[in-house]
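Next, two complexes with chain A in common: one pairs it with chain B, the other with chain C.
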Partner chain A sequence: MIKRLDEMVDLVRSAGRKYRIAVAWAHDANTLGALKMAYDLGFADPILIGIPTEISKSAKKAEVDITGLRIVEVGNDSEACAKAVELARSGDADVVMKGLVGTDKLLKAVMDKEKGILPPRAVMTYVCAFELPSYHKLLFMTDPAVIPFPDLDQKVAMANYAIEMANRFGIENPKVALVGPSEKVSRHFENSVEYSVMCKMSERGQIKRCVMDGPLDLFLACDPKSVEIKGIPTPVDGNADILLFPNLESSNPFYKSLMLFGGAELAGMICGPTKPVVVMSRSESEKSKFYCIALSCLMA
Partner chain B sequence: MVLKKLSDLGSIVQKEPRKKLVIAAAQDKYSLNAVMNAANDNVIEPILIGDKDMIFSIAKLGGFNLDGIKIIDEPDTEVAVEIAVKMANRGEVDILMKGMVGTSTLLKAVLNKEWGLRTGNLLSHFALFEVETYHKLIAVTDVAMNIAPNLQEKISIVNNSVACLNKLGIPNPKVAVLGAVEMVNESMTATLDAALLSKMNQRDQIRNCIIDGPLAFDNAISHESAKHKGIRSEVAGDTDLLLMPDIEVGNVLYKSLVFFAKAKVASVILGASVPIVLTSRSDSEQAKYDSIILAAAAS
Partner chain C sequence: MIKRLDEMVDLVRSAGRKYRIAVAWAHDANTLGALKMAYDLGFADPILIGIPTEISKSAKKAEVDITGLRIVEVGNDSEACAKAVELARSGDADVVMKGLVGTDKLLKAVMDKEKGILPPRAVMTYVCAFELPSYHKLLFMTDPAVIPFPDLDQKVAMANYAIEMANRFGIENPKVALVGPSEKVSRHFENSVEYSVMCKMSERGQIKRCVMDGPLDLFLACDPKSVEIKGIPTPVDGNADILLFPNLESSNPFYKSLMLFGGAELAGMICGPTKPVVVMSRSESEKSKFYCIALSCLMA
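Right, the complex of A and B next:
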């Protein structure tokens, strides 16, 4: 069972594969730096898509030597997105990664009905793993980035992606906490209703390979002492592996506060498309960007 | 203690002081016979309200003695009902029973805001079955009163029934929330409500019982069937109480148990300040008698 993100990197390297990463509009110095780290460690084979002179300029500015990295020339950022997705679709790339282009542009190409890589009816969401100084193991969460107000089906899909990811980390039956403001069920909190339904689905084997409970507040999810004090019998037992949030409004500030105040490093990616899609935000550290690349290779 | 037969209820009642039962419009042959049998068995102390002449002629025909029995002569059924309900309201009796009067008249009086028997709880029907093919008594609710209960109403129905089962000496009854399938299905409201009731029970929002659902009927009453389906559940196969999704399912189940499975049944209305025996004309005299015993045990 992997407890640190560096161990995840080791696991990726141990596969002995070079994952082909199609980078859309690779004009971003930070991205190039993180890619170069992955390249130097021998598990990444970046395909830089963009204007070659611009890519070289960015690399020089970031003092990154991109000798040996493949470059595919396109005229603009939309073409870069389309090309990256096309390479993934044809099996010529294992991962799609965003460079210096808006997330919406890249996801538009990913979701394109004819040329995209999102299967019909598949739910697209974001799952990430946090390494925190204040928690004894990795903490996965979903969805801090993509679905504003997930419905029940989307929440189930989110849980399943997170469980699958945790499984890849060697966590066989991850404890999934469905996060809310309290552990009580109330008709006035639609999420507590959906959570109850999800718990029953898990009991009945409609959601597999996990231990699920919710609603749970963050303390009951991650702090065994609170479980003891409150006396709520919960199989998650203050030892959650995965936190599922009810909506973007609660998940995104949580995600950002961990980075800003919690000293967190993270690895995250978009789940749902046939190939992992890496969409990093500027606020992530270079280390986290590198972890995102490693994670997408692990999940490829 | 596991209750296996309706006659086991007698032993619960015997341990307690004799309960007072008032019957409104007592001039009904079958009801009166059942009341007098229960009185003769020393299970209850009856108070008969109704048309005295008719009551006496029924007694004569039935061959029982009314000496020492409190009788209030009131030929007008509506007034008889009002007197009976007011007695219950004042705490003078433990059980209210319907005689020769329409159900709606009785319930209207029970729900009277000034002198009725409202407690703030929903009224619900509780039926207790003795089925030869099941290893203990099994309660079913609601088969007669609430038509299509919503979640909040289902919670009240469960609470009424659990309190009753607790009184019958079952401290932690196993409640199966019935569905057509044991899986959760978004397009079947009953299965969603079942999931919610289960979680509310886990969170102590519904107490003194163990709830699981959705369970299909076979999973609820048969270990083997639950095992076959791979359902891990404390309730499956050992259900004390079956919660019906609506009256249509409940009523059909009730009648098929009686007609096809030759089940014996006792029933009572819960949720008022006293249990109400409200059997229908089609119920056997035995069912009426057993319902009186059930009400005495539940009061």
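Right, the complex of A and C next:
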């Protein structure tokens, strides 16, 4: 069972594979630096898609030696997105990664009905793993980035992606906390109703390989002392592996508070497409991007 | 301008007043310990409401010397709530505080139409101030505890209470960030619409004494580097004093993440009643309860 992101990197390396990573519009230094780290550690084979002179310029500026990295020439960022997705679709790439292009543009190419890599009716969402100084193991969460107001089916899909990810980390039956403002259930709170349904689905084996409970507030999800003081029996028991949030309004500030105030490192990716898609924002660190690359290789 | 909670305590002490704190069902050790600290520092005059023998027993168990603290005898916790509110209503107490009784029960007494202390049509909400190792000043937020889905009028009231609190801390024109998952405005996101209206109200002077912007994500609200990288001009400028959240689902996990993972200390209280009401939960530390007492005295 992996408890730190560096152990995840070791696991990826131990597979002895080189994952081909198609990078759309690979013009930014941060991304190039992260790719180079993965290349040097032997598990990544980056395919840099963009304008070769611009790529070289960025690499030079950031003092990243990109000797040995493949470059595919395209004329603009839309073409770069299409090309990255095309390589993934044809089996010539294992992972799609965003460079210096808007997330919307890349996801549009991913979702394209003719040329994309999102199967019909597949739910596309975001799952990430946090390493926190103040938590004793990795904490997975979904979805801080993609679906504004997921319905029940989408929540079930989100849970399944997160469970699958935790499984790859060697966590056999992850404890899934369905997060709300309190543990109370009421028909006036739609999400508490959906959570109740999900718990019953889990009990019936319609959601597998996990221990699920909710609604739970964050204390009952992650703090055993609170469970004891409040006296509320829950199989999650203040020891959650996965937090599922009701919507973006709820998940996004939580996600960002861990980054800003919790000293978190993270690895995350888009789930749903046939190949992992990495879409870190420009403000993320090189280290975080590197962890995202490693995670996407683990899940490829 | 106060930047730490200990400075707030100093400010309260400098007023040279003794605030009378009516404590409903003062049977728990944590609360007694916090009250004693405030009493010893000379700014609190606690009125312990409950069963005298039980109060003494708790104090003894926790090794808190309550000599000099007033005790008012009642038969049960409902009576204790009613008595605490009665004392506040008649002008014989400056603050109402929850002891070992459910928050719902105390707030019921506070909201009682005949005997309560909540004016007709007043919005009742929760405002708190966080001290965080990773932020350069206090961070106020509202509302992590009371109104599940505040409407526009309630959001405006929440903002006004938080602004008033920041003013008391010597923050003249606090920067108020209206928090959302992103800075994008769309009619499909009701809260982004309400936030737009609030910004215009602030521009028109209908919300005063603040610099307001939203929707903003947490990075744009609290991280100047993100503002620079994203290139989105906002007067909040990554330097927010106050965070206003769209609903409890959003605010509550954020609040609890700061407590669990952000090393936060906090002071908070219920705003809206004619006297401050302190309602810390049983799992809060004695230190946090002490800060809440000091805050309620500052706002009394």
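Couple of notes before you dig in:
Criterion: the second predicted complex is superposed on the first by the 300 of 300 C-alpha atoms of A that agree within 3 Å, B and C clash if a C-alpha of one lies under 4 Å from a C-alpha of the other, contacts with A are read in each partner's own complex, and residues count from 1 in each chain.
The rule is simple: a residue touches a chain if its C-beta (ideal position, glycine included) is under 8 Å from a C-beta of that chain, and two chains touch if they have at least 3 such contacts.
The structure displayed is predicted, hence computed values, not measured ones.
Put chain B and chain C next to each other and count what each touches on chain A; the higher total goes to C. Of the two partner chains placed by superposition, only chain C is touched by A:S283; chain B is not. Touch criterion met: A:L248 reaches chain C, while chain B stays clear of it. In the superposed model, A:I232 makes contact with chain B only, not with chain C.
By the document's definition of touching, of the two partners only chain B reaches A:E183; chain C does not.
When the two complexes are overlaid on their common chain A, residue A:G205 makes contact with chain B while staying clear of chain C.
In the superposition on chain A, A:N191 makes contact with chain C only, not with chain B. Per the touch definition, chain B reaches chain A in the complex via residues 151-152, 182-184, 186, 192, 194-196, 198-200, 202-203, 205, 214, 230-233.
On the chain A side of its complex with chain B, the touching residues are 152-153, 183-185, 187, 193, 195-197, 199-201, 203-206, 232-233.
The touching residues of chain C, counted against chain A in their complex, run 132, 134-135, 148, 179-182, 188-189, 191, 217-219, 222-223, 225-226, 229-230, 245-254, 256-264, 282-283.
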